[in-house]
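Here come two complexes built around subunit A, the first alongside subunit B, the second alongside subunit C.
After this line comes the complex of A and B, so read on.
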């Protein structure tokens, strides 16, 4: 009698687990990114060009940008004007930003010439481009938060471009407090989140295969009534 | 209701990629990223050590007025009589009509209107002067000015603007030729003294309370001066010198803004009164094209046409014969 009751409880629990939000999300994530996809120890044999290194270099640059920015944040926005260590950390922050952009742009054009959006990787391409745009915003807000002549000049020049689009009413390059908060909180959070998403998409879809110009047909999930969109 | 199924569609080399059926080789991703981080760190430490970073001191109102009090007085009268760059800017700072940029019939800044109210006469001149204590001549001058009719005020301001264009500095004092400018001489004279002492910087920031972090008004005031523009030109930073993508010294600046800044250097943008909105619209369109490349026939074929991919995957294509 008690065994039957236990079995009923077990069945109910199993049914509940199947409906559970946490369990569903875990199964979705594990299906999309099983460990050997998330952190593979092998890669396809065609992956043998120097251009592939620029994605990893961009990540390295971003890590150093965040690291040096964090040290600057520990002491506050005026520290680097009065401390030689602060000036050196600021210099590292500046040069890591320069390298981050340099590597990212090469990575972007490399992926363009590989047509890396092929094989349902359009969203991977788009998150990369959006990350680039957000990075420009993060860089710009940093330049206008330096609290020196450069920040004064860049802010007063840039305001006209921003105002002309109507965005100046909400994004005020002359408002140091607003720009600093955007620079150290909002935009870095967006760039890091987008970069993470971009990397997960790359891992989910895998590295795009070489361009085939002689292919004939490709499996395609669609509907019976759908015509060939070519 | 149609049923989802797996179909075969014509292969498009600019859109499709077949799943890889070939071989693989060991590849240590974590080691690669770690080495990349270390390489970037070495490069960054080296360049930071060799070149540092630029840090030209910010220009305060005190710096400006001390360096060129005549320019300060000239700029200040233009703020008072409503002819300065800020006074005639329009949205988002004020309702001045006719200076907003537009793209055909579309003027986004006019539509959105005033969101950061700035009244240069009040915020830059009359407000700070009203904070001056123990100066009966200044209080009297302000009373006279405020009691006058708008036409009288304008006449005084116009006369002062003419007189101050012939002003000189004598032993550190601003000397303005005599004229029928009523109380304006005392007012601008006091404002100049405040500026040179640093009191005007404090008065401007104090408008937003004790914990001020918004320098919009101070920056607009300073940016209206010819002194500030001259500093920018001396550092090769003006709009026709690739403007805001640069920074002081020989540093790369925001090199990634090169295309945005490039348009300002060439016609029709270089001579257009609506250059900012035109360049922004063009860059918005180009950005959209970059974002949507995967979906745009022709554009997404460029990689195949240019054949750069043959170089990137040369080992693969060689193995394919």
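After this line comes the complex of A and C, so read on.
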């Protein structure tokens, strides 16, 4: 084959590769989230406040919830009700949820007062809002999945409330199997997936700049070295 | 190691304490948690962040 023919074949191959859906998706993802944006080395100088740590603390809480929940699922109700280590892991599961919500609500307050949806960040904000609602559902189904008198009491009370909203046809708090599967499969999957999406949106759009003070716009998305060289 | 001293600190083996304020009814435990959240929120805003160790 001649060199020109070789080049033509190569060009055709390249054009074919460019059309493939795998390549198109890869280019789309790399453009949206280049590695240095996905895992940055430096952060903007305005992040030097404790109020910015609560998102990460919430993720820590979620990780502990998933970890302890996995152990509870492995061992089962008798273990978490009777054995001392089971009671300990059960308590860890409860307290990690308490911390998860504690940090998430402070994160929410902080972001609300920053108006963190500014700068085309509405999807970042909304994924957080939806994650919050799914988390409440996960917490509720957890309360009714304890397999004790407490969970029975909560379920009998909740079913009236849920029926009053008209959602009783789809959600029956007294249906233990349904509640348990929502608690250990559907809702955790939704919360983890939405949290992942939320974090990717944060990385994609960057962390919102502070609201301008006295009419002075704060430098947008500068790295620490750029905006604060000292 | 026994942690029974923690159990003695707050007796949970009794009905919860509820506060009433007009139509609002809330358990004391929830009020304490919300108060702690507000306190941590304010501390996070007002306590200076250690920037020296993070500067390059």
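The rule is simple: the second predicted complex is superposed on the first by the 205 of 230 C-alpha atoms of A that agree within 3 Å, B and C clash if a C-alpha of one lies under 4 Å from a C-alpha of the other, contacts with A are read in each partner's own complex, and residues count from 1 in each chain.
As a working rule, contacts are C-beta pairs under 8 Å (C-beta built on N, C-alpha and C of every residue); 3 or more make two chains touch, one makes a residue touch a chain.
Because the structure is a prediction, the values reported are computed rather than measured.
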Task: Figure out whether A:49 sits in contact with subunit B (first) or subunit C (second), or with both, or with neither.
output: both
Message: Can you tell me whether subunit B or subunit C touches more residues on subunit A?
response: B
Message: On the A-aligned overlay, A:23 touches which partner chain: subunit B = first, subunit C = second, or both, or neither?
response: neither
- request: Look at A:34 in the shared chain and tell me whether it touches subunit B only, subunit C only, both, or neither; answer first, second, both or neither.
  value: neither
Task: Please indicate which partner A:76 is in contact with in the superposed arrangement: first for subunit B, second for subunit C, both, or neither.
output: neither
- prompt: After superposition on the shared chain, which partner residues are touched by A:196: those of subunit B (first), subunit C (second), both, or neither?
  reply: neither
Message: Touch test for A:106: subunit B only (first), subunit C only (second), both, or neither?
response: second
Field: Touching both subunit C and subunit B, counted on subunit A across the two superposed complexes
entry: 42, 48-49, 51, 53, 98, 105, 110, 224-225, 228, 230
Field: List of subunit A residues in touch with subunit B within their complex
entry: 39-49, 51, 53, 56-57, 59-61, 63-64, 80-81, 87-88, 90-96, 98-99, 101, 103, 105, 110, 112-115, 117-119, 121-122, 125-126, 129-130, 133, 136, 139-140, 143, 146-158, 160-161, 163-166, 168-170, 172, 174-178, 180, 206, 208-213, 215-226, 228-230
Message: Can you tell me which positions in subunit B touch subunit A when the two form their complex?
response: 2-20, 22-30, 32-33, 36-41, 43-45, 47-49, 51-59, 91-92, 101, 108-109, 111-113, 115-116, 213-216, 219-220, 222-223, 228, 231-232, 235, 237, 239, 243-244, 247-248, 251-252, 254-257, 274, 276-277, 279-280, 287, 290-295, 300, 302-304, 306, 308-309, 312-317
- prompt: Any idea which subunit C residues touch subunit A in the complex?
  reply: 33, 36-37, 40-41, 43-45, 47, 49, 51, 54-56
Field: Residue ranges of subunit A in contact with subunit C within the complex
entry: 42, 48-51, 53-54, 98, 102, 105-106, 109-110, 224-225, 228, 230
